[in-house]
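Sharing a structure with you now.
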Amino acid sequence: MVDLTQIMDDEVFMAFASYATIILSKMMLMSATTAFYRMTRKVFANPEDCVTFGKGENAKKYLRTDDRVERVRRAHLNDLENIVPFLGIGLLYSLSGPDLSTAVLHFRLFVGARIYHTISYLTPLPQPNRALSFFIGYGVTLSMAYRLLKNKLYL
Amino acid sequence: MVDLTQIMDDEVFMAFASYATIILSKMMLMSATTAFYRMTRKVFANPEDCVTFGKGENAKKYLRTDDRVERVRRAHLNDLENIVPFLGIGLLYSLSGPDLSTAVLHFRLFVGARIYHTISYLTPLPQPNRALSFFIGYGVTLSMAYRLLKNKLYL
Amino acid sequence: MVDLTQIMDDEVFMAFASYATIILSKMMLMSATTAFYRMTRKVFANPEDCVTFGKGENAKKYLRTDDRVERVRRAHLNDLENIVPFLGIGLLYSLSGPDLSTAVLHFRLFVGARIYHTISYLTPLPQPNRALSFFIGYGVTLSMAYRLLKNKLYL
């Protein structure tokens, strides 16, 4: 029987696990940020969410959109769209026996770029801050996909 | 050579596989629910989807939004935002050699909380039903992330 | 110690890795397509994105929605909603020791159906092209979930 606890002795896999957990935790912060702005700005999407602020027609005025909330939600969706490919491709790449320092460089660049992307989006910083951080993360994932398919293509 | 079929002999991993498959199948039901409401309420997002209900200007009136459809779509997106971190962190946590009963407790709480979240969202139940079920799922994922990083951090 | 590079010697797992990487790369193309339409049609969601096209009130007119951009975004979100379950369930299914030819048939059908779904959505082709390709991908994922739970349920 395979002792699964030994899988985590593989340094590349352990590095992937650490960076993946960090960037997923960061993504989860976006939910909390959305909730924070919805509460403090009283901006809700569901009638049942604003009953504590008033009854009937009085509550309905809180069913609205807000620039700040929509900005956080766009940043969250962009995270989802980019972190899902990183997780899938990064996991398979980690199992394909890459060089440790190359792999760690990929993971660090991705995580750093995505954290900077969030800062750029929420501040907001002027372009091309956000665009550049997006393309660095995008390029890192494509680079892992290329290395994976070059070594291990099986169709 | 590693016999991969033996990985599934690991009880924690098998439990993770079962609960992950169940919650992903539940998430897929949201697509079917959206499709069901779109058809029965004749609410579409694309012109090519409503040609069977009329030609030209007559068909365009079905290009609209509907509270019920939007509610299902918000529940679906909230699922995506929370199930993706659970999948990534949960997979890595399962491979990090956790105690079986602790791990299964995490998985059961998460799956139960997310199913209750969907029920709260679609009924809709009054708050704080939905908020509580959201935070239980959120807390479970963060707890797995914490245990994973505490044991196996490699940066 | 487990030599992780040997995991990739498992043919089912290698096939899953290849198809998963291909379909994730395809999904990433949707981000580039959205960016392309936003630039060429001058349709933006954030004020900081359109400062190169004008100052002040002049720039605000580019903060708008566009049918073409919204269509790509709907296709992208539909990809996310369907590729995430495929990744999670497909990974676990690949590790559960399925027959190689059955597994490869599942992966090929899913990837083919999702590529055709994107073509149907963006062209757009008349229905039921898009609906059929959606349901083929949906059915493939459910079939893997069923086989996984039938063999390896552990609750």
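Letters A, B and C mark the chains in the order given here, with residues in each chain numbered from 1 onward.
The criterion applied here is as follows: a residue touches a chain if its C-beta (ideal position, glycine included) is under 8 Å from a C-beta of that chain, and two chains touch if they have at least 3 such contacts.
Being a predicted model, the structure only gives us computed values, none of them experimental.
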Suppose a student superposes the Cα atoms of subunit A on subunit C; what rotation angle should they report, nearest 5 degrees?
120
Is the contact between subunit B and subunit C built from the same residue numbers on each copy (over half shared) or from different ones (under half shared)?
different
Cα centre of subunit B to Cα centre of subunit C, whole Å, reads 16
Residue numbers in subunit C touching 2 or more other chains?
2, 7, 77, 80, 84, 87, 91
What part of subunit C is in contact with subunit B in the complex they form?
2-3, 6-7, 9-10, 12-13, 71, 74, 77, 80-82, 84-85, 87-89, 91-92, 94-97, 121, 124-127, 130, 134, 138, 141-142, 145, 148-149, 152-155
Report the residues of subunit B in contact with subunit C in the complex, numbered from low to high.
1-2, 4-5, 7-8, 11, 14-15, 17-22, 24-25, 27-28, 30-31, 45-46, 48-49, 51-52, 76-77, 80, 83-84, 87, 91, 108
